[in-house]
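Two complexes, one shared chain (subunit A), two partners (subunit B, subunit C).
Showing the complex of A and B:
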């Protein structure tokens, strides 16, 4: 019961930080292009504006699915972002909640895909098929990189167990074992595709297929989908920052950090990871073709994830 | 000013509609979106679908072929919306006025909020037009 109340209390925090992170991302992106860029609270303006616009459902759309999908996507991805945050705050976890978080992350992408295909727009359908291909490409290495945690003795698929192990070892997981360093690299390589950032934004290429699945969405529906995307980007960065690089663990053994300080350190680390994995690639690279992206993911991250499993089994 | 009104002013998303323009105004719109003028600092983003847009940037004297499309695109933009007529052709029909191929100027077809004159108008004028339109309509 307490967990559910804590989870609901975390929703506004997640809402605030996911939109704030998006704002910082857009600001840094602009500064890297020598522009002034939008204010950091720009995503909040966008959200409020979109939320107060007219609702339009196209005649060609399957209206039930079309209108339900954004709500499910937003709910699912905010829940996915709230679970790790709440587990970190309360210091408990449910067995296998990492699988749940990954499932919720995939679920929000699937929802957006379904929304695109139910819109009746051919570009939506192209967006659907491209996103499907991309998910096959990046989901497998990402799942293996998380699952390889459980191949090690004393780790499990419970989120807080991994964090607690790092605190006990007074070190970051990625630096303790070779297999975990490889798994962290795999996860970080998969983040830009999961976040639909530019080299891998093939499924919603604006100049090519006009936002893909999002093409027919407007007003409040679009606001919810944008929120879902921001929340899943936040989750990805937060997972990377706490599962593999739980920075407070470096200090925990020497001075007792308060919960607030530990959480702030985690947020700062996740911001840095988001900048490195999303903002920098999206500023310096151009969009890949779907074949190139698929080849990349099945060549490098998949090999790395297999390597991490092999190393775990060997015991490194 | 309410939070909603402020958000609307701070985040005008643009949709560009060419209704038979000579491409001069379209190039100037593209120029206005470059990092030199950086309209993103005003919250402007160029979107590809009219369903995402708040501001409709229309160029060209509306040709007969484009007439139903202009109306359809206008109706696809969710309320509240702003229409900015870019260039002399969209504003007044300019040299094409009176031609039997032309159904324009634009304000005969859809309500226009701001006219940006010029053949083509400078990027600064286009940015000014967008800002004025948004402030006047939502402020």
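Showing the complex of A and C:
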């Protein structure tokens, strides 16, 4: 019962930080392009503005699915972001909650895909097929990299267990074992595709297929989808920062550090990881084609994830 | 019952094919053009190009104005290559009237012409970057382009529509302090152009541009493709060299025609980047060798205009996008009987079909950008009757009759 209350209490925190992270991302992206860029709280303005706009459902759309999908996507991805945050604060370990979080992340992408294909727009259909291909490409290495955690003794698929191990060992997980370093690299390589950032924003390429699945969305629906995207980007960065690089564990006397400071450190590290995996690639690369991106994911991250499993079994 | 099943057999719907409307409104398009693309998955099977969304009736308007008014009108055919249009038009009028502008005026015309080439090429290089999702490259190219626009403002007073040309010369002189300024800016532009060249060597950029939108040498010649698009396919043509105008006769040996044989989008982009350096060098030569003298005729433009006899001629220039052609027929009473403009885009747009077929959806925007289309230039009146499936061109008389009806 307490967990559920804590989970609900975390929703506004997640909402705030995911939109704030998006704002910082946009600002730094702009500064790297010699632009002034929007104010950091621009995503909040956008959210409020979009929410007060008219609701439009195209005639060709399957209206039930079309309108339900953004709500599900937003709820699912905020829940996905809230679970690790709550578990970190309360220190509870639920067996298999990492799998749940990854499932919720994939769920929000699938929801947006379905929304696009239910809109009746050919570009939505192309967006659907492209996103499907991309998900096959990046979800598998990502899942394997997380699953390889459980191949190691004393690690499990419970989120807090992994964090607690890092605290006990007073070290970052990625630096403890070779297999974990490889797993961390795989996970970080998969983040840009999961976050739909250039060079892997193929499913929503603006200049090619006009935002793909999002093409018919506007007003409150678009606001919810944008929130869903911001929340899943936040989750990805937060997972990367706490699962593999739990910085507070490095400090002597972890308990005396206090929960607030530890959480702040986690947020700062996740911000840094988001900048490295999302903002920098989208500033310095051109968008790849679907075939090229697929080839990349099945060549490098998939091999790396296999390697990490193999190394775990060997015991490195 | 049997009849029904026979009917059902006759209608064959191929569900694997999808017809998508690319434009007239699309984020990758800066001007409205409509491509109806038939695709199977990502592969393009067929393309149907439709123009006519921004027709403004400029040729008809020109017939109701005098020559000086038309000079300002042709400038407004296009914002990017406005100087090419006015140069082409004034050349034609000067040829009919037997007017010879001074050497200095011709050199200044050429100077603005080459500056315009730099700014047009930077614009389209940025757009190529934008179309492949490389927003930073787009921002950078347009940032450099500002430098050229500032120069235009200093020299002519306007950033876009320069209004530099007049019958018998140019309207603004280039004082020594501006020459210094142009030199300083050129240095900056050259440095940035080198950087842009390096960025285009990036792996992800190459992956998106190489082997995309291939237009072979033979196809380019058959379709009469012009300008950088043709030069990217190895067709050696440049009006500046083949039919020199303005000061290009004297500067013939001071520039080379850039030729690439890749025939793909990357080759066309490469041609444009190399032409940036050619133009920078050419401008430096012009600044060094700028002859002295007056920049326009002693008589007023209006007096010159009144003396222009009846006659007709064709004038050609190498606009940034390729060969631009004006047919001018004067009536001897200050006005025009006919003005016909053949813009480079109208020639190049035919090349889109062979470029796109067999490619992927992801290649459409960048292939379109690689021919540097200027849709505003290229539109003519064509009425497409969808119900009867016929296409007819409406003549001027018909248009006038319709106008009177209203």
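Just so we're on the same page, the second predicted complex is superposed on the first by the 312 of 316 C-alpha atoms of A that agree within 3 Å, B and C clash if a C-alpha of one lies under 4 Å from a C-alpha of the other, contacts with A are read in each partner's own complex, and residues count from 1 in each chain.
Throughout what follows, a residue touches a chain if its C-beta (ideal position, glycine included) is under 8 Å from a C-beta of that chain, and two chains touch if they have at least 3 such contacts.
Keep in mind that this is a model prediction, so the values were computed, not measured.
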Touched partner set for A:219, first subunit B, second subunit C, both or neither: first
Subunit B versus subunit C as contact partner of A:206, first or second or both or neither: both
Subunit B versus subunit C as contact partner of A:158, first or second or both or neither: neither
Which superposed partner A:7 touches (first subunit B, second subunit C, both, neither): neither
First (subunit B), second (subunit C), both or neither touched by A:36: first
Which superposed partner A:285 touches (first subunit B, second subunit C, both, neither): second
Partner chain(s) touched by A:55 [first = subunit B, second = subunit C, both, neither]: first
Which of subunit B and subunit C A:45 touches, first, second, both or neither: first
Common interface residues of subunit A - those touching subunit B in one complex and subunit C in the other: 33-35, 206-207, 210
In the complex, subunit B residues that touch subunit A: 3-4, 6-8, 10-11, 35, 38, 40-43, 47-49, 51-52, 54, 76, 78-80
In the complex, subunit A residues that touch subunit B: 26, 30, 33-39, 42, 44-49, 52-56, 206-207, 210-211, 214-219, 222
Of all residues in subunit C, those that touch subunit A in their complex: 18-21, 26-28, 39, 41-42, 129-137, 139-140, 143, 202, 204-205, 207-208, 360-365
For the subunit A and subunit C complex, residues of the former touching the latter: 32-35, 122-123, 125-126, 129, 198-199, 201-202, 205-210, 282-290, 292
